[in-house]
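Heads up: the structure comes next, in structure tokens.
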Amino acid sequence: MNVSLILIILFVGALVTFLAGDKLASKVALFFGLAAAGCSIVLLNHFNLGENISFISQWISKPNVSFALKADGLSLAMVLLTTVLTAIITFSSFGNDYKNAKSFYALILFMSFAMVGTFLASDGLLYYIFWELSLIPIYFIALVWGNGDVEERRKAVVKFFIYTLAGSLFMLIAFVYLYQKAGSFLIEDLYKVTLSATEQFWIFLAFFLAYAIKIPLIPFHTWQANVYQKAPTVGTMLLSGIMLKMGLYSIIRWQLPITPLAASEYKYIFIAIGIAGVIYGSIVALRQKDLKKLLAYSSLAHVGLIAAGTYTLTLDGLRGAVLQMIAHGFVVVGLFYTAEIIYRRYETRVIAEMGGIRSQTPKFTSMFLILVMASISLPATFNFVGEFTVLYSLSQVNVWFAILGGTTIILGAYYMLRMFQHSMLGETNSKVFADVSMNEGITLVAIIAVLLFFGMYPKPIIDLITPSLEEILNQINRIN
Amino acid sequence: MNTNLSLLLLLAPFLGFLINIFFGKSLGKTVAGIIGTLTVAVSFAVSLYFFGQITASKEPIQIQLFDWIQISNFKVDFGFLLDQLSILWLLFVTGIGSLIHLYSISYMHDDEKMHTFFAYLNLFVFFMITLVIGSNLLVMFIGWEGVGLCSYLLIGFWYKNQEFNDAAKKAFIMNRIGDLGLLIGIFILGMLFNTLDFSTLKIGISGATDLNMYWLSAAAFALFIGACGKSAQIPLYTWLPDAMAGPTPVSALIHAATMVTAGIFMITRMNFLFDLTPDVQSIIAVVGAITALVAATIGLVQNDIKKVLAYSTVSQLGLMFLALGLGAYEVAVFHVITHAFFKACLFLGSGSVIHALGGEQDMRNMGGLKKAMPITFGTMLIASLAISGVPLFSGFFSKDEILLVAFHSNIPLWLIGSIASIMTAFYMFRLMFLTFFKEFRGTAEQKHHLHESPSLITLPLIVLAILATVGGLISLPGNSWLNEYLTPILPKLATAAHHLGTTEYILMAIAVVGGLIGIGLAYAKYIKQDSIPAEDAAITGFSKVLYNKYYVDEFYDAIIVKPINVLSGFFRDTIETSLSSLVFGLGKVTNEISFQGKKLQSGSIGLYLFAFVIGLCAIISYLFLAQ
Amino acid sequence: MNNILNQIGIENYIFLSVILFCIGVFGVLYRRNAIIVFMSIEIMLNAVSLLFVAFSTYHQDAEGQVFVFFSMAVAAAEVAVGLAILVSIFRNVGSITIDNLKNLKG
Amino acid sequence: MNTLIAIIGLGVLCLLLEIFNLTKAIVPLTIVGLLAVLGLTISEFNSTESYYNDMIVVSKFSTAFSSLFIVLTIFLVSLSHNFYEKHQSKISDYIAIKIFLLSGAVAMVSFGNLAMFFLGIEILSIALYVLAASDRLNLKSNEAGMKYFLMGSFASGIILFGICMIYGAMGSFNVSDIAAMSQSAELPIWFPIGIVLLTIGMLFKVAAVPFHFWAPDVYEGSPTITTALMSTLVKVVAMASLYKLLSVMNADISESFKIVVVVISMASMTVGNIMALRQVNVKRMLAFSGVSHAGFMLMTLLSLSTSAGSLLYYASAYALSGIAAFSVIIYVCKNRDNEDIVNFHGLGKNNPLLAAILTGSLLSMAGIPIFAGFFAKLVLFSDTIESGYLVLVIVAVVNSIISVGYYFKLILAMYTKEPNEERKATPFVIYAVAVVAIVLNIALGLFPSTVLDLLV
């Protein structure tokens, strides 16, 4: 019993879904999504019992690449996030019917497969391959099933693809270079490599480019808002909920431990970049007319804070970052789903064309409000746990970082509440707004339940991730 | 036992919230109201129990539930601390809370979303209790932000009116500014002492030998900013008057009696920290005094009955901060309590008036209600006397103590305080006279409906009025029960000799006279010459400035809100587009090169062969001739 | 034979054939009549053949001369194909100047 | 050796079959025969022998590449059945020519003597001239043939001159002797000149900048099947034989020559990719992409001793994806007067399978993981960095980013544009070829070692 099982389930799931035909596709996909989630929970259980659930076998002799999946707390946490969210996202899409559904759902599962692989791979090249693979499905999902004018969409999506590919190819060079030094792509061997300061700097930069574009950090974020807006909501959820976490995860797993000198040397710069992203994203979000774009910029702000947390190179920073990743993953999926729910009824994403919904659908409004409050990290929601830890770590580096990063508390409240006010409150809207359906309700409640539960009792996750983070921290602090 | 009880104390209102939010509609308004009230009453009962326990055994009760947040070098656990201070707060929060719930049953009865209202009120009480009994700064912070959320919900309770929503949003955001300060303070304290637990912090701070004063003051100042946000002090006070958009019971409960006192609570909690940072204390004192004065001046000319009360609240809070700044925490607490009584009473009374007049809030359209609603009038009169510091009413004692302390430490502050209280007396009685005396100025239709409010409304008024009268007894000059009670929290009270000398009596006299002068002025202006405040347009001169609240809102709007929005627009329209066009630009350039390159591929064999030969010669010459 | 080569020296043969080769190259570059281009190419090949022979004598080794036969045969085959193409072009276009062949470009 | 004989025999058989007018049977029989040859070749894999006093030397290298060529030819022959429906009468010629071309190709990688090499390259070229111009009545085809012929024979002249120089220097055509002598102390200047001329001639064949100008025009003009042949088989052959020439004569390449190679490879990548960006004709676009791929393959010349496996892998990956792509193009552009992207609009709706295959092959060319193209690039980068040309690798990476631009232009056309008209059902053969090719490609991607470790 090892983690490769999850990959198998998802991959087979993708195939079966494709063969199942348009009628059944969604159900089959959901089944496999749940299966994967269940499997990862079982594996988590095994892991906690101290079993070894990693998997490794030689793949290519020259260059020396092995199919190595290492499952530690961090990876498992991310895998759990991925699989659970995949199930939720699949379920959330039940409301609307897609043409050529079989390919659509197959792509979703395949993407989840690739992302899980990225989180598990402990061999540089394998990791890179999964990293690239995850790009293709989202490209097609956004391209074929996206919304808005085709030309616009094409521009946005192609830009996204080329942009991200550009970044990751430099990461590939870095990996090949490291391989020349280490004679293997295995992460342990890569950790062992001793690099001069300049080498570290360039490798660090190569990694950073890849991750900064993926996450995205300013000023590499220009693809984000458009793609989020143009992609179908499912795609947006996958992107914002899971995919951008790949970048953040990779910072912790690959970039920092491999190039610790550079990391500690230039950390202030990169913290500053992250925090600049917080402020910039929040301010841009203030005046967005399009709901999805506003959410996109808000997520730009949040990930900026998370990235800043990772670059503090402190345990708190890393832990807070991971917690915030998971929390943000859930909340942003929830928020984009609310956008979708509104769109299903009003066929608009322009905030100005909404409003006065609350009196028609109190249930939906309350759930929306909870999500909004979670996203501005009200205490007792999961996001607060993460954000507090991150801000704390920042304050330990320099109080001003905490103060500047903390502006997200204020600005976030500003634009989110403004958005909430103009989309939900006000005089009753003339257009009828059907209250949430069963499926929608279940989806939202599931997300909210997670947010509130871990908001009050994050201990399980903290205990899960902390040991592996400490390990990584030791790698970062090693003298070479 | 204690654990379960404390959980009951905490969760009873939450239960009420759940019931009302989920089943309230089907239960019907009255039932929903009763559930809401009962749950709070239960908490009140439990608080009484704890009160008895604590007075018997002076031991604070510590309760640890579970680990919450893990920080590298310390962990924050979810627990309660029930000591004298928190229990005192519990008593009047839940007590007044249940009264106001009772009041609301009747007051909100015509609102179709009454069950939601009660759900929110219960939620508020729940968070307020969390704030009060939290055993460390973070648990307190849960309540701290939670009450902010509830105040947001309740201010914007009539959400169809976007202005109300704006007010709600404003309140939330201004609180958030304070909250950031609070968080920063928490961070610094965590960094300095590796704990956020009150009791451990107390030991850590008072026990420590070499304290980094710089960071300590920074922490204290940051916490103070947090307090400013919650307790509506300069510069973060402007949200409170706007918050009057909410239903009157909300104003009474949240924006007069309980939530706004959270700042005072927190500072008193952290007194051991503030005692070590005199510079911050002086800042607090000055800010408090100025707030008291400024708010009072604005209060002088307001015509909206609730606005007057709102500004009076701000100014009273200012006085409390003055006391805090002077290190007289017990006095501040004392005034918090008395103020809770009479201000709640005033708000509820004004609510009853508004209720009777069918939503009319402008005092220019009131008057002569004395006969129509005697109980409301009587209770409000008592409360006004109390707040104006007329002897033997509760307000007299508490306010007098503040001024006394001020006088002993700093004459100018004392002066400001006294002027503020004179003004208080004036505008309170201006309110009374305009509302209840002379003849009615409203429409005939309103006049026809004039009636005393039902007993559910008057009952809480009476209770509060009684409390407002006798509330002073808990801390009489000379032998103060309150001070003894608080000694475990505020150790230096044990030593502080509380003697009454001639100066004290003189000061009292001055205060009393001041109060009476204020009342007299009001009487002269509004009864003798029975002048009615002018229409908005007609207001001129300095009173216009006052009437427009010194244009502070406009000022903030101009220097903060507008710039940020402009910046946002600039980023959105300029930076974003230019960034993305930069990326697209690269693509365009390569495309252009390609386009030019196509011309080279002219299709003529001659050219191709020529290129061939050139290349050949180039390579040969590079390899063999160059060497 | 042998001593003739010695008298003249192999370099001169090389220069000669290089010159011939270049003539061919320039012919290919500057003439526009396909037939003449063919002939220029033939000149190039023949220049090389000449050099082959020279070298084979120089090395006292027959292989070179054998190779010349190869190259001649190949050249012949090439030209045959080339002429065939040229004929079909002439049928379609009615001229054999290679400047007409500019439809494929860009 | 047996391979060569068998192939020529097969060619002759094709011609005979027509005499007994069994034209129907030609394609199947050829395929069967080629499969047999393939088996024969593979069976010889480990036997290194030389025949006819070193005219032909069969080595692992030669057999490996020969098998690749044969496989490619099988694909091309099976495609030609459908392609030449109209001219069933001449089919034997077409097939036979292809087979002879294959024999030339095999000769080019298994020569032990420059004469053999020269013959091989000439057989290949002449056959190719014919195929390029084979669409007699189509002016484009004529022009393509003419251009290719003129420049090709010009290049042959250069090659011949190079051979001559080498002969002059060494007094022998036998590569092993040459190799032996090239070690000796002072060499006449003619030897390196000869090597350089030879290399330039081959660079023309692989269409490397600045000797690439013929490629787009010829690719566009020739019949699609011929284009497929050029861009897959011929390019691979040329590259392989260039590699073999340089390695087998162990002309230890001087640093300055390496610089030349680096420059040319950079130039080929960049020019090829940038020029491809604005092409509307798919064949032309693939021609330019072929130029850039030639640039990639040239990187192997920088680490001659080690990178044979990498070259084989890259060649197979590239050729297989090329076959897949071209089979789709043949299907799409049948009965069309041009091969513009317009014809591909809405293929994703009309024929999802073929669209997916084309997408796959393009992704492979772009070097997206799990397709063989990715590992091909990876090993190239790895070798090149090992031999210390980091800059070249960075240029290569930048280029593969540019290349995505035009590969995706085609993909976008297939999936986001509306189809202009319905297409009739496709013949089984095209499906078969396309599927097999792409599957092989992916298989290579999943198990790279199978090929990579072949030549160590």
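Lettered A, B, C and D in written order, each chain numbered from 1.
Methods note: a contact is a pair of C-beta atoms (placed from the backbone, for glycine too) under 8 Å apart; a residue touches a chain by one contact, two chains touch by 3 or more.
Quantities reported herein were computed from a predicted structural model and do not represent experimental measurements.
Any chain touching chain A that also touches chain C appears here: B, D. Chain pairs A-D and A-B differ in how many C-beta pairs are in contact, and the one with more is A-B. Every chain gets a centre from its CA atoms, and the centre nearest the mean of all protein CA atoms is that of A.
In whole angstrom, the spacing between the mean C-alpha positions of chain A and chain D is 43. Put simply, the C-alpha centre of chain A and that of chain B have 37 angstrom between them.
Spacing of chain C relative to chain D, judged by their CA centroids, is 27 angstrom. In this assembly, the C-alpha centroid of chain B lies 99 Å from the C-alpha centroid of chain C. Listed for chain B are residues 587, 598, 601, 603, 605, 609, each touching two or more other chains. Annotation for chain D: residues 146-147, 150, 154, 216-217, 405 touch two or more other chains.
Residues of chain A in contact with two or more other chains: 162. If the chains shown are joined wherever they touch, the resulting network has some other arrangement, not a path, ring, star or complete graph. Chain pairs recorded as touching, per the definition above, are A-B, A-D, B-C, B-D, C-D. By the touch rule above, chain A contacts chain D in their complex via residues 59-63, 103, 125, 128-130, 132-133, 135-136, 140, 143-144, 150, 153-154, 158, 161-162, 165-166, 169-170, 172-173, 176-177, 179-180.
Only residues 598, 601-606, 609-610, 613 of chain B touch chain C when the two sit together in their complex.
Across the complex, chain D is touched by residues 10, 14, 21, 24-25, 28, 34, 37, 41, 44-45, 47-48, 51-52, 55-56, 58-59, 61, 63-64, 66-67, 70-71, 74, 77-78, 81-82, 84-86, 88-89, 92-93, 98, 101, 103-106 of chain C.
Against chain D, the residues of chain B that register as touching in their complex are 587, 590-591, 593-595, 597-598, 601, 603, 605, 607-609, 611-612, 614-616, 619-620, 622-624, 626-627.
Of all the residues in chain C, the ones that touch chain B in their complex are 25, 28-30, 32, 98-99, 101-106.
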